[in-house]
Amino acid sequence: QVTAQELDEVSFGTNWLAEGEHGGFYQAVADGTYEKYGLKVTIVQGGPSAANQALLMADKIDFYMQGNLIGSFSAVEQDIPVVEVAAIFQKDPQVLIAHPDTGVKTFADLAKLPTIFMAKDLFSTGFQWMKKAYPGFKDEQIKPYTYNPAPFLADKMSAQQGYITSEPYSVETQGGFKPELFLLADAGFDTPSTMIEAKVDYVEANPDIVQRFVDASIIGWYTYLYGDNTAANDLIKKDNPEMTDGQLAFTLEKMKTFGLVDSGAAQEGGIGCLSLDQVKSFFDKMVDAGVVKADIDYSKVVTDKYVCKKVGMDMKK
Amino acid sequence: MTAVEAEKHEGEMARTSVQDLSTDEAPRPAEAGSATGRWLRFLIPVLMLVGLIVVWQVYVMVYDVPHYILPSPVRVAQALAADWPVLLSALWVTLTITLKALVIALVGGVALAILMAQSKWIELALYPYAVILQVTPVVAIAPLILIYTPTTQAAILICAWIVAFFPVLSNTTQGLRSTDHNLLNLFELYRASRWQTLIFLQLPNALPYFLAGLRIAGGLALIAAVVGEFAAGTAGAGSGLAFRLLESQYRLNIPRLFGALILLSLTGVLIFAATSLVSHLLLRKWHESAVRREN
Amino acid sequence: MNTAAIATAPDPTTASHAPLVSLRGVSKTFSNGTVALQNMSLDIGEREFVSLLGPSGCGKSTALRIIAGLGDTTSGTITWPGVRDDTTAKSRHEIGFVFQEPTLMPWATVFNNVWLPLRLRGVSRSAARGDVMEALGMVGLEKFADSYPRELSGGMKMRVSIARALITRPKLLLMDEPFAALDEITRFKLNNDLLHLWEKFGWTVIFVTHSVFESVYLSSRIVVMASRPGRVIDELAIDAPYPREEEFRTSSIYNEYCRKTSDALHAAMEGSEHR
Amino acid sequence: MTAVEAEKHEGEMARTSVQDLSTDEAPRPAEAGSATGRWLRFLIPVLMLVGLIVVWQVYVMVYDVPHYILPSPVRVAQALAADWPVLLSALWVTLTITLKALVIALVGGVALAILMAQSKWIELALYPYAVILQVTPVVAIAPLILIYTPTTQAAILICAWIVAFFPVLSNTTQGLRSTDHNLLNLFELYRASRWQTLIFLQLPNALPYFLAGLRIAGGLALIAAVVGEFAAGTAGAGSGLAFRLLESQYRLNIPRLFGALILLSLTGVLIFAATSLVSHLLLRKWHESAVRREN
Amino acid sequence: MNTAAIATAPDPTTASHAPLVSLRGVSKTFSNGTVALQNMSLDIGEREFVSLLGPSGCGKSTALRIIAGLGDTTSGTITWPGVRDDTTAKSRHEIGFVFQEPTLMPWATVFNNVWLPLRLRGVSRSAARGDVMEALGMVGLEKFADSYPRELSGGMKMRVSIARALITRPKLLLMDEPFAALDEITRFKLNNDLLHLWEKFGWTVIFVTHSVFESVYLSSRIVVMASRPGRVIDELAIDAPYPREEEFRTSSIYNEYCRKTSDALHAAMEGSEHR
């Protein structure tokens, strides 16, 4: 056991405001798991702007929550020395949402809709892949998504992007109907998500801290999913006073139903497990879609040194 | 009202007789000065506002517009009433940034204008960079600013300054340049120092231009505070209206979004009224734009 | 100017019975408390040539503006009993005004400044060209038609302003120290030109001047004002016959009138609080 | 250079003798008119630019700043060279929107200013809404605009207009109000119609103010095009610099981000130069701010 | 004004041998091609009172500005041989200038406008109060100290400008038609005041006027200019002794000089292309 004075200070930047999707990290803070591992962790909330990634690059924070592998590929492409040390979500929670009863039954049916509201980041990545993987998707369908679902609600013959854990909730509560949900991951966009990213030199200099941070985070996630997560939820609501219990419950439910966290490689090696095969498969798809360049060394993107060690798997009920 | 004015008021209408060119003692149409005028001054915008709100409500009701697209005024009022504490504290944060941004925009803009007025060469060397700052989208350089500034607060202020300073600079420059050259000659003759010429002549002369710039900068500072927070701000507890706007949008709480927008608008109108008042007070004694014509 | 002379030659000395314009008890107090005019009454007959004479700041310009219908009065009435019905059609073009300052549009050339009154009546540039150049010729500025006001000397600006006032051949001409910035020779020439036009077209002229000599030379009547509060203190009819020529300036009757006017002015200055 | 000017140029420095008050035929310090002046006019900004780039390069090299934080000029140049076709077509799209936005901002701003100059009441009734438009963040109302406009293009233009029109309105209003009242009197006397007074007197008089507004609006229209595209634009193939900026940022392609920023800056400076030229051409004959002093 | 008179009474009629300021072949061509001055040479002796007389637009104002060091010349030299070394310390306060237009700061009250020259020298408001009010008293505007320029009549503005020029008691006073907008009585009073100050403090005055009478009354020398191109065409020394009082105006020598000057002016007008 370590005393308070000897705790290593670590800061972790998330990619959005405190929410259920960050539950495990908050859990580890709230129930003292990080302290148990000798860490004093400060969570730096993200927001609509992507500043936390810049802060990681400028060494102002130690770890950053990377959304999906495309960010990592971009970093390697641009010679930015970062590496993913864990992948908390086995599936990307990005989803396309459509109105019910419009004849859209499968992912491929979305190509028939005249309008899809989509933000620029998804457009320049996921949508490029969609055009390759499914026939019929075209640029003319796209209108910008400004994180306000109103235009989607106003237009029955449209779809919009979203996080499966968030937007469907507001659509359900405000729009008053259960929308059709199509997870991109299930359609083949198989990148892991909510990865823990750090600078290469930091990882090389502090392998011990990295290992402890990853392990404690995984424990936090198991607790959040399967244990008593009230402490984490309270902390989330403290950081983000707008968060509601209903939303948190919805998020947890979706994470479980769609197996966002605990599926695939995680069932073998435990939460956070990174499968290099998955990376390769996704990389090939993206090269094929012209999203990333073929000549980059995708193996530099991730390391499985710190994960797939079945840490905390025993906590799973 | 005198005859020629009557003619004027009637525009190009032909007159049937010039007998009525005589001066009658009929009162002028109530102008800003009189007592009725003063009342109307408040009444007209209020009536306009009420009318607008009624049209809005009726439109929403008649076309049955869903509240998540365009909430009715009643719903917005309810949201405002319910979320009062949250919105007010957010407004307070934004207002603080706005005022700071306004101050640095004014100081920065005027200081730059003065610097550039000192010599054609300084102007040629610096103005392009002022323009570059103006046209640089803060969202694009916010990360850089965040990296190089010590606190988020400072980063927001820098973003806000970038957005708001240019109108002050541009207008003050034009004002400084418009100094009557006979007066400049006079100052030359009396061997006024650069500094004296600036203080006693060029700055007062630039005042009407500066004040037009101030009226632009007032609203722009408010936008700048929002944009600055949006680009570089912290999320969470100490966050301002920008955050509340985005969050309401994200959560599809459109009535609250409109509530926040209304608070923002009100603040903007108040700032504008304040800057207009300042402008009036500073000019009413001497400048054509503010002086009450008596002859 | 167009030489289509009016058929009946005017007889300026006998003003028609009803005055053209009549001020009754006109007062003007500015909001800062300055009483510019107090209880001023004045009749101007048709075809009269009236000069206003008085100390600086006594309200001459204010009175002129009020007659022109610019600016309110605080009390009193201005009536136009002498405006005949048959002049209605032309009434819109009646008043010409030379302000004390040149009041030129700085962005317009001399030509365009002089053209303005005609332009406002819809006269095209080419149609106005002759009249404009004639008016400029009268004030000796043909060569400066394309100059901008800032390129002119003080006297030249004033002359442009005079040309602009004359170009519409107004029935009523109000002139506020039009010749003060001009050398004596130009001034004398313009004095004669003005008298000539006045007689020819049967104008009514109200003329503000500081020159006793000028007022006597030109006017059929001199109104002497005193200052603070501005009011009419004396009136002198100058009964010398028109047309007056240069020899009138050297006549003894002229000198006599000048002396009398000068005395009236002195009396006005003593009567007013301001020195 | 004459004696008094020499004194002026030396500021408050005490002179040891007035013998040198004599006029010497020494040339004035090269001013804008002369041939050397003309050269310096280009040279100074260019030198300044070169200096800045050198400082930037040296800073990046000495402090070994990683390229993903602040890329060196050389890297940016490489990115520009490599991504030339992509960036240029994006610039073209943005430029088209910019010019359209500028035109509607000018027309809308001036038209509103004219409307408001017609009567105190119209001004009181409408100005608050102009202010509200100014302070409304377009990102917040973009969805509403998207819902109610037929095409994305129209939505972008509306957003851009909201961003850019206010400086034109505010400055033109101030300019219209500043009309010399003697000239107004003159127009009254000549029974000028409202329209004539506007065209022949008030608008020319407002020109210097309007042009200062134009110089602000030029850059603002560019920003507005970016913001408009960001808030309401298509994400598709025909996308402009806003999309390229965000994409570069998202894809961590910081040199390309800077390349896009540089293109944006250059465009801004060019637009500014163009508006300044227009301003100079319109004012040089008569307005104090542009006329070359000869006496 | 402060009454600390200069010990040695000046003898204005005998100008010191070296002129105070000397123009040699001065030409001024504006960029639009107007030749305002051509090859103008002129010496102004110390303590002289020189009037410039000439037709409107002949370059009087331009010449005055050039002497003051405002604006370039196209060719020619201006030298100041008469500036003695012992006056160095005061040289910064030497020149007073009354422009042809009032040139007041519209945002400043009358008091502040007059205070300006002293303020620029660092004299505080309270220290300047006496001088300012005295200067305003001289032009009869004590009561308007707190008015703004727009609240004044044309003549009053000009008087403020005169007060501002006099307040520094300048060694060299350049006045461009200062009294043109004033009534004769005020004008005569100011004529006398100016002559009195000139004698008392040993000033040098260059005075532009359109009034032949005024120039003869005031000057020790009259320089007659002709226009386009502006040049000196004649010089008349007015050898009447100072101090000159009101009776000088009625003397026959005065009339004689006036006639001579008037003739010179006529000659100047005929010599020039402009009418």
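For reference, chains read A, B, C, D and E in written order, and residue numbers begin at 1 within each chain.
Basically, a contact is a pair of C-beta atoms (placed from the backbone, for glycine too) under 8 Å apart; a residue touches a chain by one contact, two chains touch by 3 or more.
Note that this is a predicted model, so its numbers are computed, not measured.
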**OP:** Identify the chains adjacent to both chain B and chain E in the sense defined at the top.
**Re:** C, D
Original post:
Which interface, named by its two chains, has the most contact pairs?
Top reply: B-D
Subject >> chain A-chain C separation of Cα centroids, rounded to whole Å >> reply: 87
Subject >> Cα-centroid distance, chain A relative to chain E, in whole angstrom >> reply: 85
Original post:
Just how far, in Å, is the C-alpha centre of chain D from the one of chain A?
Top reply: 42
**OP:** State, to the nearest whole Å, the distance from the C-alpha centre of chain C to the C-alpha centre of chain E.
**Re:** 29
Original post:
Which chain D residues sit where two or more other chains touch them?
Top reply: 4-5, 7, 69, 139, 143-144, 147, 180, 188-189, 191, 230, 246, 249, 287, 293
Original post:
Multi-chain contacts in chain C: which residues touch at least two other chains?
Top reply: 30, 65, 68-70, 92, 95, 101
**OP:** Would you pick out the residues of chain A that each touch at least 2 other chains?
**Re:** 50, 53-54, 58, 146, 148, 150, 154
Original post:
For each chain, which other chains does it touch, given as pairs?
Top reply: A-B, A-D, B-C, B-D, B-E, C-D, C-E, D-E
Original post:
Once bound in the complex, which stretches of chain D touch chain E?
Top reply: 1-5, 7, 15-19, 21-23, 25, 28, 292-295
**OP:** Would you pull the chain B residues touching chain D in the complex into a rising list?
**Re:** 4-5, 7-8, 11-12, 31-32, 40-41, 44-45, 48-49, 69-70, 120-121, 124-128, 131-132, 134-137, 139-141, 143-144, 147, 166-167, 170-171, 173-174, 177-181, 188-189, 191, 193-194, 208-209, 211-212, 215-216, 219-220, 222-223, 226-227, 230, 242, 245-246, 249, 257, 260-261, 264-265, 267-269, 272, 287-290, 293
**OP:** Provide the residue numbers of chain B that touch chain A in the complex, in ascending order.
**Re:** 66, 68-69, 86, 139, 142-144, 146-147, 230-237, 243, 246-247, 249-254, 257
Subject >> Interface residues, chain C side, partner chain E - complex >> reply: 30, 32, 34, 53-57, 60-61, 100-101, 140, 147, 151-156, 159, 177, 180-187, 189, 210-212, 262, 265-266, 269, 274-275
Subject >> Contacting residues of chain A [partner chain D, same complex] >> reply: 50, 53-54, 57-58, 70-71, 74-75, 77-80, 118-121, 123-124, 139-140, 142-144, 146, 148, 150-151, 154-155
